[in-house]
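Each structure below appears as structure tokens.
In what follows, subunit A forms one complex with subunit B and a second complex with subunit C.
So, the complex of A and B:
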């Protein structure tokens, strides 16, 4: 069994094939083709075809959004005289919209806005959900209160929550972030609460406690690392949910408001021109689909990596 | 059965009351005054005070809530601030259309989910299974506005067989009405269908492993008959519960699907009301949606109690 440990350790060159040692590889095919094993299980999951495609889709769009000012010289809100020109004409790589704004810049800046909303909201939901889970496991009364709060948040369909929050807080990115956070709090919170309750009573946690570990050390060194797998997967899923919701809220006009560019807003504006200028709708459709599919592929790759 | 209903009813009514309370107060507590929208630009203080008194906004909030609740119980939902007209009339114009869409979507999701679920058990080869799981994943994750746009582009523009949007009642003209209903109901049905399929498949696999399946097999009953007559009925009760829970999801997705297909239902009304801060309409629509949600939940529990007598004792 020593070969197993050796081949799993990081080594500078290709590891020599464990010469037909029993139990060294899944089969003769694997033994014949030596491959360096990736130790981190998430990374191992991501370095599969599924994970690489997902990372590529999301990475390219993330890069394009971040580099928006470098990739286009057009102001996304500047109205030129050329309305609804097709791709490539009048110096507009991807054409213009109904009031002559450059579609490529609007698309790139939409990705920027979208990712900003998602990258703020999902970690915030994780933090608040996690904090509430910690509160819940401390005391029975707190547990009941927190669980009822989670139930309440879960009982709202997401877009109805979106309408309610917008009715209260007004339009804009702030409302979208709030809605996403409110939706993610119970999913992360329930997951972490359950995991903490399971893992803090496992033998190794009890042993650590007997060994004198305080609650903080117990939590950070023993419980949380073991509870991390489903949470890591859920982060990717939550991001795809957030992308869909940002698109939906902006699409029905309660999210990012015109003239600011957003994927949902562009899609909604393109609706009357679907017949004569289908290219207009194509951009936001492709971007949203690629983001959602990419994030779900990453989630699935992480999930498989963690389970192996 | 009546006893079970009597025990479940108070908690359902409690949730409704709590929700009406929350909806009324949260909307009152926020900045942004509907009077500002109504009074026009730069109104005199007298005009503002007159409008406030006219709408009853100068009275204490608790008194406003009491009046509103009493009115709601009498079926009077107030007058719309902005659109004008009775809120109950606005609602009743829309409810039928939303019910039509929701029922259409429920039927589609049940039908598609059943087919996919049964195929998930009967298809044995790898390629077929891969196709099925791809269909499931796609219908689960692709957002409604994306699938809606694709369907409109394919079946209303490229190959114009269906109307791109709008509404004709199925009751007044079944054939034309169905053409208008087909795409929005299908788009709405896709994510629930994937969930139904998973439950059907799991239920079937479990039922096919039971003793009565083995007995039926040993009696020489053909596999197809075992599947449809013995396994499927036993796999259905959990599906019923899931459908009940999915009604909430459908209410949410209605908002976006109505926008894509220009379907004049409750979702569009809610969106217009929120955009214009039309308090009475927002309250009424939200309260109605909560009520539907609570009633469906109650009905699901009752149906379950009918199927499974053990539930009644709890």
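So, the complex of A and C:
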């Protein structure tokens, strides 16, 4: 993953703007001539040891999840008579669970489910939160309304919100996505609103306004690209929060619908066997930890890159 | 002394009234299938007096359910007594607060002689009026007692003198003594405080001291208990530990000496540890079943329901999800029930081919139906789902929390299929068919009604003598009709487990799984 980013980076040409939107066009980078500074601030941040480790952790797991059908020949929901066999026995590379299902394939498929939920929910949260932030900066009345809405959403502890949504909408992946979106809306919204308000009154923005830029052009060309920094970092943080939340909801039984595998569900099911079959709990535990640590490392790397 | 003689003849049978007989009756509370490592009395042989027993319970006390059989079992037989108590091996009633009784030959009345000198914990003497109150109290719908139908059969109560009472019945019932095993005798003046958990006043071996909701209950020894020298313990503390793994940890960490409510899967870590004993009863935990809503097509066709019964691998459920504790059975009865037979238990072996053939015969294919289940038994639900899938019945799992599950069970609003567990098969077989929601002949969750079923149930229920050949034949008929119609598809008769420190001796339960500690001590 890390090398992909490096090789994708070189692309000579003029730098279009002083600031970049998230994932903006590749800037000239150091691949051709080593030790040259990477111009894109985010890439520069990611190319630190911290960023590379984060990308590697998330990339490997993402790849494993996507390639799940290729990596294992076992149906993750097939129950056999071989219950709780240890790694390596009876043709199961990583053993089986209490009702004889192959643990490796369940683990791989649960990464898939998990990442699917996260990759749908976080962008949705960003989109809605961002839209609300834009509404908030237009008018004082709208600002008050949006701010109170954020307060309302923030006042729910995440699992209580999860229980409420599940009670209303029934349970399954849809509810998890809804809960994650609802939780991410205020964090994205507040962050973006604050950043826009700060940058709107900066000298360069004032200069642009004097120069004849209309409100839309001012926002899209000048303010938003600069206000995006904290949001880019927040995307990575939000993903790690979403991974934890999916795990927690499935752990308490309001997440992914059985028999489909989920990281939290596997962890929950493994509890009675912690002592006799520790390998059972270890798998989902390692995956959740690696995902969260990886995503946090990426967030930290992006943050440092953006500030430099 | 067989119970038949009590029922069949005018001859009155006076029960031995001595305390020794009572103690015997209570000690007899161990089940016939008590086969697991229930170690004999301590090496010293002499029960030790004193000390406080620490119990860990998964569920908290729900005072509103005081007059029902419910998940919290550590109060009914600690604070209270019943008129009679069964010897679970034979289902013969033994004296408790009643020292003797006579049942009329036509089975339509019963007279009790009450034990003299018994006092409630507040010092008030126990009299016949308390029996009158207890029966009327159970008839009250707001107590939601499962045996209300049987209590309602008592039409008239005559107090002969303070220590003698006669009950007149509308018609004979075979499960009469199930009622007296069930009915706790409470102080009639404080019953409203009892159902809110403020004050529990009974005649039992322990005095209720306090209840901290969600945390603990505390009991002290009743120094005036009517059985001399009992109980051995000075006090009992019940700690509410709502998580199975934490409860096992508390047991291993010696914070509690007895864990109640654990299932077979939970006890795996301590099963082979010589520090602990696992006692297994076949009564009190009920049976796992799949119910079918017969108003949803194609489950109106009994062949489809029978196909489900053949499709499910009962042995695998016991082995993989219940840690080997439990009896795979197509019939609802535990082995100690008078209706139990090997033939009915093994009526539906695991036979997917036969299931497929039955489905084909019924012209059913491409079934995709919801399967509701109690969200605390996800593993069993997934196993049922998998087995059904193998014969071509696709199901979508719909988890329900316990409150919603219960509401849908009572309200007859279950989807096509549901998986749950039912109780009340451990006593006289008629109790199941007139009391348990899935089976109740008058109104059941499956919305199943059939004149033949009604007739068989009523016949089994109205037997004046629970042990007569006629009654036994009626129980067999009941088994057969249930096994043929299969609106309730029984899978496994569950084991009720007590996991204890090996030093704890003499723990028992009655047939409603209420914990009995009269003879318990720490060696």
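What we mean here is this: the second predicted complex is superposed on the first by the 274 of 308 C-alpha atoms of A that agree within 3 Å, B and C clash if a C-alpha of one lies under 4 Å from a C-alpha of the other, contacts with A are read in each partner's own complex, and residues count from 1 in each chain.
As a working rule, a residue touches a chain if its C-beta (ideal position, glycine included) is under 8 Å from a C-beta of that chain, and two chains touch if they have at least 3 such contacts.
Values in this document were obtained by computation on a predicted structure and should not be read as measured data.
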- Query: With subunit A superposed, do subunit B and subunit C clash or fit?
  - Reply: clash
- Query: Who does A:259 touch here: subunit B (first), subunit C (second), both, or neither?
  - Reply: second
- Dominant toucher of subunit A (residue count), subunit B or subunit C: B
- Of the partners subunit B and subunit C, which touch A:79 in the superposed model: first, second, both, neither? second
- Go through the superposed model and pick first if A:99 touches only subunit B, second if only subunit C, both, or neither. second
- Using the touch definition from the top, say if A:131 reaches subunit B (first), subunit C (second), both or neither. neither
- Contacts of A:274 with subunit B and subunit C, given as first, second, both or neither: both
- So, does A:293 touch the first partner subunit B, the second partner subunit C, both, or neither? first
- Message: Under the stated touch criterion, which partner chain does A:53 make contact with: subunit B (first), subunit C (second), both, or neither?
- Response: neither
- Note on the structure: Among 189-197, 243-251 or 387-395, subunit C clashes with subunit B only at 243-251
- Just which bits of subunit A does subunit B share with subunit C as contact spots? 253, 271, 274-275
- Item | Touch list for subunit A against partner subunit B, complex | 155, 157-160, 163-164, 166-170, 240, 244, 247-248, 251-254, 264, 267-268, 271, 274-275, 278, 281, 285, 288-289, 292-293, 296
- Quick one: in the complex, what on subunit B touches subunit A? 23, 26-27, 30, 32, 137, 141-146, 149-150, 152-153, 157, 164, 248-249, 251-253, 255-256, 259-260, 270-271, 274-275, 277, 282, 286, 289, 293
- Could you pull out which subunit A residues touch subunit C in their complex? 77-79, 81, 83, 98-100, 171, 253, 257-259, 269, 271-276
- Considering the complex alone, what residue numbers of subunit C touch subunit A? 244-245, 265-266, 268-269, 316, 319-321, 375, 378-379, 381-383, 385-386, 396-397, 399
